[in-house]
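Okay, structure first, notes after.
As written, the chains take the letters A, B, C and D, and residue 1 is the first residue of each chain.
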């Protein structure tokens, strides 16, 4: 199949505000009625079951001048690998409680496999290549979330 | 990691009506506030660019007594393979125009990889194992969509 | 026995289902029996590689599958859902 | 030069950024220079396997990377986004 260069719409937000998936999809539809297939991932703040402590809230710190740049660079890598129509990434920062949305990645493509791969690729790199750090706050203490070796190892598959 | 048996909520609809992703996600949240990660795929009716003909509408026929049973069986296979909290599948039938939603698959899991794999697995089997057939209607003619060898071949990866 | 047809098979046979007294005890036997009845069946079943079959709403892979106790046989083309 | 710290590095150093006249010409040179200044730096930088570095907002892998023309160096722990 000849790889035609497609204009891809890339939109990235790092924000404290919550988001609405249907609104984001409608935005994509408004620009391009026919996106074919849309793959997505939505990440939430989980209750940390560690030590039976109840997570009060999560605090997400980031490097403002760098965060969007890094996410853009990851998305551009994805565009070089797969035929995509749209990429939308929203990453929340600040204080979030269990059940809150943290991250949304949407990718559209005429080929569903490419949309899936792009979302997985972007999620993998968001986990360990974007300057964002999570701190868990409990009743009597708080601790920075440790990076997982498994997250780092996942990058080698791309 | 010990595989704990998790109660999974499975919900399948085959319907003419449209759907709203945010509503479906909110439904999942209402049952379980903390789902961790949610992977999804949304499929749309595309303009068929074949022969420069404009697709007027798509007609989806199905085998009502069997469709939901088959989708349930596919989802149960997914539950046997991955640790999932929720699966939601909506497949539309009847007359649909370009840009309309056709199919939605949502899967939640504490492990994002498992959610992604489940959605891809279900989509692959929906394509060639569920008794649904598409007919494309153009200005002066209509034709049944041919099954793709590539869709059949994808099944071997699972 | 109730025999159902979907998609272009339904269009070629001209009905979405029919009730028939049949003698055949396998899927392939049923197809052969139908083909003798009317030309529309021989046209519809001319290439079995395009025919998929469900016996009592379960997909079967082998055309030699028994239909002795079956209530409902469905014939249809390869599926194109998703 | 502007030096930034994030997450637990920020907490250990006690500031989110500082302006410093520095002599070092590489990342590792800068770390060594800081460590000599105050114990808080030697505590923060005691295990470099937990230190990630961005030079002018670009992640670098090699601590020998030059910082001669750099305006902004950031030190932080492994990232935990997503």
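Keep this in mind: a contact is a pair of C-beta atoms (placed from the backbone, for glycine too) under 8 Å apart; a residue touches a chain by one contact, two chains touch by 3 or more.
All values reported here derive from a predicted model rather than from experimental measurement.
Enquirer: What chain lies farthest away from subunit B once each centre is taken as the mean of the Cα atoms?
Expert: Ranked by distance of C-alpha centres from subunit B, the top chain is D.
Enquirer: If you average the CA atoms of subunit A and of subunit C, how many Å lie between those two points?
Expert: Going by mean C-alpha positions, subunit A sits 48 Å from subunit C.
Enquirer: If you average the CA atoms of subunit A and of subunit D, how many Å lie between those two points?
Expert: 26
Enquirer: For subunit D, what residues touch not just one other chain but two or more?
Expert: None at all.
Enquirer: Please output the residue numbers of subunit A that touch at least 2 other chains, ranges allowed.
Expert: Only 43, 123 qualify.
Enquirer: For this structure, give each pair of chains that are touching.
Expert: Contact pairs between chains: A-B, A-D, B-C.
Enquirer: Touching residues of subunit A toward subunit D in the complex: what are they?
Expert: Touch residues, subunit A against subunit D: 43, 61-63, 65-66, 69-70, 91, 102-103, 123, 126-135, 144-147, 151-152.
Enquirer: Quick one: which bits of subunit A touch subunit B in the complex? Just the residue numbers, please.
Expert: Subunit A reaches subunit B through residues 20-23, 25, 29, 33-47, 98-99, 110, 112-113, 115-116, 119-120, 123, 154.
Enquirer: Could you pull out which subunit C residues touch subunit B in their complex?
Expert: Answer in residue numbers: 4, 6-8, 10, 54, 57, 59, 72, 74, 76-82.
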